[in-house]
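The structure that follows is given in the form of structure tokens.
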Amino acid sequence: MQIAKVRGTVVSTHKSRSLTGVKFLLVQYINAEGELMPKYEVAGDTVGAGVNEWVLVSRGGAARVESGQGEKPLDAMVVGIIDTINVDNRLLYSKKDEYRPN
Amino acid sequence: MQIAKVRGTVVSTHKSRSLTGVKFLLVQYINAEGELMPKYEVAGDTVGAGVNEWVLVSRGGAARVESGQGEKPLDAMVVGIIDTINVDNRLLYSKKDEYRPN
Amino acid sequence: MQIAKVRGTVVSTHKSRSLTGVKFLLVQYINAEGELMPKYEVAGDTVGAGVNEWVLVSRGGAARVESGQGEKPLDAMVVGIIDTINVDNRLLYSKKDEYRPN
Amino acid sequence: MQIAKVRGTVVSTHKSRSLTGVKFLLVQYINAEGELMPKYEVAGDTVGAGVNEWVLVSRGGAARVESGQGEKPLDAMVVGIIDTINVDNRLLYSKKDEYRPN
Amino acid sequence: MQIAKVRGTVVSTHKSRSLTGVKFLLVQYINAEGELMPKYEVAGDTVGAGVNEWVLVSRGGAARVESGQGEKPLDAMVVGIIDTINVDNRLLYSKKDEYRPN
């Protein structure tokens, strides 16, 4: 998986019928130093991630293995909201510190 | 998925039999700032996208999961026509503003 | 799919048994301006493409979905010979003009 | 597979239910000269790799082929802890020499 | 597939049980001019390729389609030893000329 930050949403009303009800998040990849990279993904979301949250994104067939997803033409999915990232025994990211929704 | 702009079409009469009747769109990728990138894809289309429309493109097995697509050797598919893209609570793209087919 | 030009062939006598009889084409990718790029692929061929023809190449599982291909360890396949490419309502490539086999 | 070094861990409590109990390792890729590269992966782990160990990482569907993994939306998996790497009959890496957990 | 040169081996005793007995080759990619590139792959091998031989490497699900490979978490496989490569009707590589094992 890659680490990404939720930046926004994409709306498409005219789409494959099987995608009805799927929410599309625009997520931007983050490198191993915790910085935003140019690359992005438009991913489905089953965990209810919000703008500015850091998430785990799975690509390829992984986006379709969960129950009920098998016939949706998705190639990227937000599979988790990140609480903490530790690199070399140092805290690189903590949701508690950096993200305050209220 | 990636965001792309429909740029044109590719015609192939001598092809895998299972691809008979598939329309091939040449779509060019768009980055998170809304600019055209050099990378492109030749994708199948089941949503009827037209030239200059912005679309969502799924790659890999996602191009073959929908009913009737399973035996077509496609690795990219236009799965939706984009209405709006919002990044950081700002409207990056709106089909109503930027695309007027008539 | 990507657009590529057939540049040559690769011969391998000592290979996976299931690949017996498969012809390997060396195809080089072409960008959206119609220029050769450094990237190439060695692809199986079921459409009988010849050197210098422009073709559509599918990668990944798409190379194995057609009847009889399921157990061959191929990750790229020539799936069509290109007749014409149109970009922005302009003819970028026409087989009739650019390719004369005799 | 790619060679990577275990750099740390990612914790996500709010995630796809099927990922409950999966440990996420942050691994950074290593090139053919044995140097760290910027690219990383967040991978599942079934072999119990520890920080600083060099591992083999499989991506794509390979992350889901083992028994019990089929419905987990993983696209990367640590599949082995590396003991030695030999290139051109020269020892590029040996776990015994470079990694001492105690 | 990509063309690669066998450079060495990777040994891992602590690995996924299904990988027992699999030989891991470190292969380095070769470009369309016949030159070594920085990118490499650690690939399984079922054809018995040796150091310095040029081989065809398949990636993704192709590494698992052959009989008995389905549950092994491999994402790359050496599927053939290359005898000759012809580009533009010129011999780019011949095993007979360039590789003498004895």
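As written, the chain order gives the labels A, B, C, D and E, with residue 1 at the start of each chain.
One rule holds in what follows: contacts are C-beta pairs under 8 Å (C-beta built on N, C-alpha and C of every residue); 3 or more make two chains touch, one makes a residue touch a chain.
What you see is a predicted model; the values in this text were computed from it and never measured.
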Between chain C and its twin chain E, rotation from the CA superposition, multiple of 5 degrees: 70
Copy pair chain D, chain E: interface residue numbering same or different (half cut): different
Whole-Å gap between the CA centroids of chain A and chain D: 21
Chain A-chain C separation of Cα centroids, rounded to whole Å: 34
Sites on chain A at which at least two other chains make contact: 60-61, 63
Pairwise touch network: line, ring, star, complete, or other: ring
Ordered ring members, chain B first, chain C second: B, C, E, D, A
Parts of chain E lying in touch with chain C, wherever the complex brings them together: 1-3, 31-32, 46-48, 56, 58-63, 65-67, 77, 79-89, 92
Interface residues, chain B side, partner chain C - complex: 7-16, 18-19, 24, 26, 28, 38, 40-43, 51, 60-61, 63-64, 70-76
